């Protein structure tokens, strides 16, 4: 039963199992694509922290809640604080418009859960 | 328990609580952004009724169900009728393509609920 | 030589000739699609004037300058005034974000040309 | 009770009932739009099989799970195999980026269910 | 002077020189990304011909003229005929809506040039 | 005559004159929207430098060359170096896919011009 889990925990489980399914393929390109997707966020000229913020804003303006959840978690692991996340999401709202607001609500819920354990709405 | 509520009512509750979370921030720009988002739909050279229809079609072609729900409700409060909503959604489908059809289904369900109280599929 | 024509006139010519090329096909569906695209904007429960405004805002949030030019022209033919167009574009900017600003610049230029004959930037 | 149905079966039911609602309208254009949407995928210069793959990739890069479910089902009915579907989804990920990955997970789940009856994550 | 070249030839030159600039970087991930972008369209469970059609439709619904030009050229090299390209573009218009029409005009011009040498509008 | 100017300089002139046109309106909301768009990138919990990188990646995944040009310029004024810009654009390509590549070419040209004065392709 996943019903009593926080939506973020449900997402985490679905994401992991889903990736296994996607990678259960003969397509070598798919495996390389997933490998590259990890490599891109590693420390380089820009540090991983900044890159995760870039990933979060890109996910927000493209309006993908699963991607937002993933990058919010990565940002927090990299030590990004709530006010920084709020300002990053504000850049996303400015560039992407009010259509991003529902995703800002989603991000706020995930941030709350990961930082304080507060349950979803 | 929100389980027995119509999806629109669940959305309404999530929207209100979510906005409170988003606005629980030090980012002044965020508060201004939300204020501007209200101001834009007020009567002006175009009346609020027409602007809500514009907001609905913009939401539909950008394919955001939460935004569709919000603007369908606002349109109905402004006295827009079912046939007008149907034609507005048809403009959205024409401009945005068949990818908009799932959102037209969502809009039809919300319109039905708000106009007749009919339950979701 | 199209060089000395206003960009809007160049667009008009390209649009007409381009549509002829697209319709020079065995695909019956393509012809029907173009026919439907005309029918959708005809007077109905919503008048053509409102529908053209809907088409304009849909085009603006989806960020297509050619479509913006077309619907600005149709709006003006339907008697929509500059302040109404400005407010419609403002709804588009609010929903679609600052990424719509370059298209608001484009729309402003076309509106200026069609209403006052003023040349482009 | 739809709770114990596989998500794909729930989608199927919602889709059918939703389409009925959308088509419960005076808008003739809407009916024509739905008719055209069927006609486009019929055998022609390209066979229906290829067209369904095109519809799947278009749905994936535009990131619509309902549309992905529909075209995955149509592809399988046309005899498209798992490895072909995997490669089509890989083209979608390449063109559309990592933002498509959550939809690749969704597609993988639907493919699994329709080909092997395996339950969702 | 590139002025007297057909737009497609100008695109080809810009594309090649532009890719060299993008690849003039220390970012190893960028080089891998470009390598993967070639690999994905190679013969596999789906042949290169079908994959190029998938790339074309993905490019069309995402509305990128440069990508359309590239995949039209690849399709023609793979032996795809005009009627097949027309039907692929029709799938793109159906899924992506009338906002794709300007890109269908662009595709028609490139197809004409590459198949018959006819000049642009 | 703007013909002999670098494309970036032409963009700069068009942008400035275009903004004046957009702001030549009775719509107070439009002026507020433009004001907010400046405020969002000011130093705060995140510094302006990071925010401009966020604006660049958001512009790149949403595929707007004018917005890319603007944020590349702002990034360089904030002291962001070429390798950092390359990695930011690589995040954009990873999230947004190969459809972003033409915009990476455009960004590379603007970066080259602003950093070394090298002419466009």
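We just call them A, B, C, D, E and F in the order they show up, numbering each chain from 1.
In this section, contacts are C-beta pairs under 8 Å (C-beta built on N, C-alpha and C of every residue); 3 or more make two chains touch, one makes a residue touch a chain.
Note that the coordinates shown come from a computational prediction; the quantities given were computed from them, not determined experimentally.
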| item | value |
| --- | --- |
| Where subunit A and subunit D overlap in contact partners, by chain label | B, C, E, F |
| Type of subunit B:subunit E copy interface by residue overlap (half), same or different | same |
| Chain whose mean Cα position lies farthest from subunit A | C |
| Distance-maximising chain from subunit B - centres being C-alpha averages | E |
| Angle of rotation relating subunit B to subunit D [CA atoms, steps of 5 degrees] | 120 |
| Subunit A and subunit E, separation of their C-alpha mean positions in angstrom | 31 |
| For subunit D paired with subunit E, centre-to-centre distance based on mean C-alpha positions, whole Å | 24 |
| Multi-chain contact sites of subunit B, meaning residues that touch two or more partners | 26-27, 29, 33, 36-37, 40, 44-45, 58-59, 61-62, 67, 83, 86-87, 90, 93-96, 98-99 |
| Complex contact set, residues of subunit A against subunit B | 63, 83, 86-87, 89-90, 93-94, 98-99, 101-102, 104-106, 108-109, 112, 121 |
| Touch list for subunit E against partner subunit A, complex | 26-29, 32-33, 36, 39-40, 44-45 |
| Touch list for subunit C against partner subunit E, complex | 13-15, 17-19, 21-22, 24-27, 29-30, 33-34, 37, 58-59, 62, 64, 66-67 |
| In the complex with subunit D, residue positions of subunit F that touch it | 61, 93-100 |
| Subunit D-touching residues of subunit E, taken from the complex the two chains share | 36-37, 40-41, 44-46, 50-51, 53-55, 57-59, 61-62, 67, 81, 83-84, 86-88, 90-92, 94-96 |
